[in-house]
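Chain naming follows the written order as A, B and C, and within any one chain the residues start at number 1.
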Amino acid sequence: MSAGVGVDLENLWIRFGDFVAVRDANVNINGGDFFSFLGPSGCGKTTILRAVSGFLDPSEGKVLIGGKDMRGIGPNKRPTALIFQNLALFPLMKVWENITFSLEIKGASTAERRKRADELLDMIALPGQGDKLPSELSGGQRQRVAIARALCAEPDVLLLDEPLSALDLKLRQHMRTELREIQQRVGITFIYITHDQGEALTMSDNIAVMRAGVIDQIADGKTIYNDPNTAFAASFVGENNVFRGKIKQVMGNEALISTNRSGDLVARISTANQGKLNEGDDAMMFIRPEAFAIAADGATGDHFVTARVNHEEFEGNVFNIFTEGDGGKEIKVSLPNLGQSFEDHTGQNITLEYETRNAVLVPAGELAAE
Amino acid sequence: MPGFLKEFFNRNGTSMGLAILGLVLFWTIGLIILPQLSMLDFSFRPNLPPPEIGGPKDVYTLENYKYLIYGPEGGSQSYNSVDLRVFFRTLLAAVCVTIFNLILCYPIAYYLGQSKGSHIRIFAIMLIIPYWINEILRAFALRIIFGETGVLNTLFMGLGIWDTPFDFIRNDIALYAGLGYAYILLMIFPMYNVIESLDGNQIEAARDLGAPWWRIHWRVVIPYAKPGISSGCTMVFMLSAGALAAPQILGGPSSLWFTQLIYQQFNDNNDWPQGAAYAIVLLVTCILFVLAMMRLFKVNMGDIGK
Amino acid sequence: MNNSFLRISIWVYLAIFFLYLLGPLVIMSVTAFNSSAFPRMTPWECLTFQWFGELFQDQRILNGIKNSLIIGAGTVVLSVAMGLAGALMLTQIWPKLRATYYTIIIAPILIPGVVLGISTLVFWDRINRMLGLGADSFLSNGIFLTVIGQSTFIASYCMLVLVARLQRYDIALTEAALDLGASHAQAFRKILLPFMRPAIASAAVLAFLASFENYNTTTFTFGEYPTLTIELAQKVRYGITPAISALAFIIVALTVFFALLNEAKLKRQELVAVARKKATVEELAGKIKLPSFFAGNMAAVLLVVFAVATITVVGTATAYNPGQCIANVKEQKRLEAEQRIQELRKQREEQRKKREAEAAEQGDAQQSAPKPSNNSGFGNVFAPNALGGDAEEESSDTETPPSNNGGFGGAFDPNSLQNDQ
């Protein structure tokens, strides 16, 4: 698998007039990886993809594919294939002609193209559908045709620009597994753009979290979820409760943060920020809803939070409690449904308990929009 | 600018980019801008035989324009009343033709735009077919109808409505009918395009609120269709003011059109600069008139041609 | 009640409108079959096809058609190319330049054709002189000038047609082709052009028709290559014959034919698309059952009716001989003329008698003047008089023998040629 071709971005800047779309991006993508860029729309992730595929030149810095600088090499000369957000299937060509377009360009014979189309149609589980027009296929089928068309070009790197965003939820979840399977079968590098953290977490070997042209963190899914670098990464990936405050005391890799409503709380400083946070700094502490437990009433200490319950909801597998919070937002607590009976606490104060390793401390920063 | 060009070539490739740019430049500069400028320049020059062009006599002069206003030097009249009268009559008649066409075509554009069904396509074909027939032949057809022994005279004399043939041609009725006929399509299609996109519910809503039909048109449809109406009117006005074939064929012996004067300067008098000056006057006046109308009715240039 | 009144007035209006629109064409077409030498519908004389024969013997018309076709082809190529380039430029031009650019490329539609013709003539004449070329150079060639002059504004029409389709083009398709290894030229040829094909076809047809019928611009630029329209204008201005009606009829018939053909084709494509949508995979893989050509296709049915009618008419034309009828009408006219002459003579006789009576009263010598009763001679005198008179209207009273076709057409040549200068 390591035989695949890697992609490196070095000090990449992309500007449109005065607007900076990508600011000093540095990424090393290993050959054969499934790598995702995750961020809200307008964060510059599609711009990075277009720079890799060759549709725009970086203002500064380099794009390297397989260690080779790509500057001045057009999209038709790069070993990449892009799957467009709207798929961009050629509407006037039949499915098999779409799939083997890259062979047509190379001057392959019709018989050869037909044969290759049949192989690829088998691979994407659409045997015998080659003579349809793209408009005669369903959304999921079109999706697979687009993948087959890109793979037919035998690229070293496959670039995918939110290809699942047009599908409905069920199909999207199904396609996630399918994409991952295809990637493992062909063994080439996939670079995947998405704003859906679920997609990124389930499929990727590594994820880059982007915000407004800046890459906040590059790591595997578990690390990003459990050990975010920034307030944005913490709040964008998965649900998270935020507590704002000032650092009162740093104790090695842990720190005490003083909050307005909940007093002093203890938290683990996230790995990237260890040694960088000092007493008196503004900071944010994040605790996942599922990391809370209900403690005995009146318990106090630096890992207890007492708050009034606003409302509760029953979701089947979990029971959610929403209380007044510290960060201007409510605190959400999710308790797994293990057959226990849930009391209704609405309007009462409850005390929540957490373990220090589940509370992550990062410098105060911009949160992801809801 | 170089940034724009660089992006343009990135997007289209060098060869395609050059082809596109070359064609566009040839069209805009070589066919549109330079010939007009050249004509403008030419209109300020005296009429010289070819060997003297570029010689000492080839100087800028206002003579050609003066001629339109004052007539030949030492002429008996203080103004060139013949040409000026033709000029203003042409403009006035073009306005009349435009108004006539607007009134004639608005209902059909509205009808086609708002009703559904397969007969609309048939109507559209019936509208387009006459437009595919040669302009000369269309004028010829009207001449058959309006002639002294034409269909209309035969019909009305047969019915006993009048007993001597009525001279439609000398009375310019044939001419106006022909000009109106020639540009029906140019009036209908812009209006149709806009009215078609008007949501029928708006009209329903207005009707529900008890508005009479004329008020629905006045307050809902016409304001919405304004871009289409103005582009239709602009085209019909410009084209009928610049028409040549219809006046030549359908105009009576005394009713000259301004374009016919231009034609005479070129072909009969062989005075190109004079003809160019007349053409400039026609073009500039028409443009100014249209711009003034557009300002009056608050329409944008960008709406024309949509 | 109000509603039905409105409905009736709409239909009355539509009837009047289409009568105005189509009536002239119908009447003109009908006159092509009347043997009257002046194109008219009433009085109906004889059904004849002679005007078609006359048309095809007219060298100037045939030459005009040839020139029109050459110029039309050149104009189609140049204006579709420029229109497509102009449309592509419009979709990607620097936003600040967009409005100015749009105004420039749309302006030729509004500039009077006369002005375009003059400016083309003046500009290329100047270029010609600057290059030191003679009056017979390529740049002052009538075909070149006409193609250039017409394309100036026809390209704008093409641009409007093309840009409407281009706006629905997804630029990602070109990018996808590039991404899959195509060069820019390949992406253009294999992706953009096929997508634009329907619009390009419409633009080409529009351009050809506009070129074919153009008069205002061409009249200044045609030089030694008069197009059909120019020839027609000369003929119509200096004398009209039903041969022009015959030409008009042919053009109307061709237009209707192609309109129906196009409509039938579109309708069929629609039906096929619907059938494909409904078809299952197996059907698609094998043969799908397509609806028969005529099912639900009004235009196709009309097309067949039209074709049958054409065959019938042509068949009749070859078999039919209006000679007898024409002779009858001729005879009748001769009789009428004779009658009129008799009346005239009677009047004169009476006047003369009156005068004689007066003279006799005054005792003058009597004079008897025998009148030659040579009718044919009188008729010959009559004809030139009528021609010399005001309108061509009365030339219908002139009997033009069908055998004298060439002479009739030729009679107008010198006149129109003089006017070419």
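Things to note:
One rule holds in what follows: a contact is a pair of C-beta atoms (placed from the backbone, for glycine too) under 8 Å apart; a residue touches a chain by one contact, two chains touch by 3 or more.
Everything numeric in this text was worked out from a predicted model, so none of it was measured.
Ranked by how close its mean Cα position lies to the mean of all protein Cα atoms, the top chain is B. The chain pair with the larger count of C-beta pairs in contact, out of A-C and B-C, is B-C.
Averaging C-alpha coordinates per chain places the centre of chain A 60 Å away from that of chain B. The centroid of the Cα atoms in chain A and the matching centroid in chain C are 66 Å apart. Put simply, the C-alpha centre of chain B and that of chain C have 20 angstrom between them. Among the residues of chain B, none is found touching two or more other chains. Among all residues of chain C, those that touch two or more other chains are 183. Put simply, chain C touches chain B in their complex at residues 6, 10, 13-14, 17-18, 20-25, 27-28, 31, 38-42, 81-82, 85-86, 88-89, 92, 94, 99, 101-116, 118-124, 126, 129, 148, 151-152, 155-156, 160, 183-185, 188, 209, 212-216, 219-220, 228-229, 232-233, 236-237, 240, 244-245, 247-248, 251-252, 255-256, 259, 263, 298, 391, 393, 396, 419, 421. Only residues 1, 4, 8, 11-17, 19-24, 26-28, 31-36, 38-39, 42, 50, 53-54, 104, 107-108, 111, 118, 121, 125-130, 132-145, 147-151, 154, 181, 184, 213, 234-235, 238-239, 241-245, 248-249, 259, 262-263, 266-267, 272, 275-276, 279, 282-283, 286-287, 290, 301-302, 304-305 of chain B touch chain C when the two sit together in their complex.
Listing the residues of chain C that touch chain A in their complex gives 170, 172-173, 175-183, 186, 190-191, 194-195, 276-277, 281, 284-285.
Taken in their complex, chain A has these residues touching chain C: 53-55, 74-76, 80-82, 84-86, 88, 90-92, 101-102, 104-106, 128-129, 131-133, 136, 149-150, 153.
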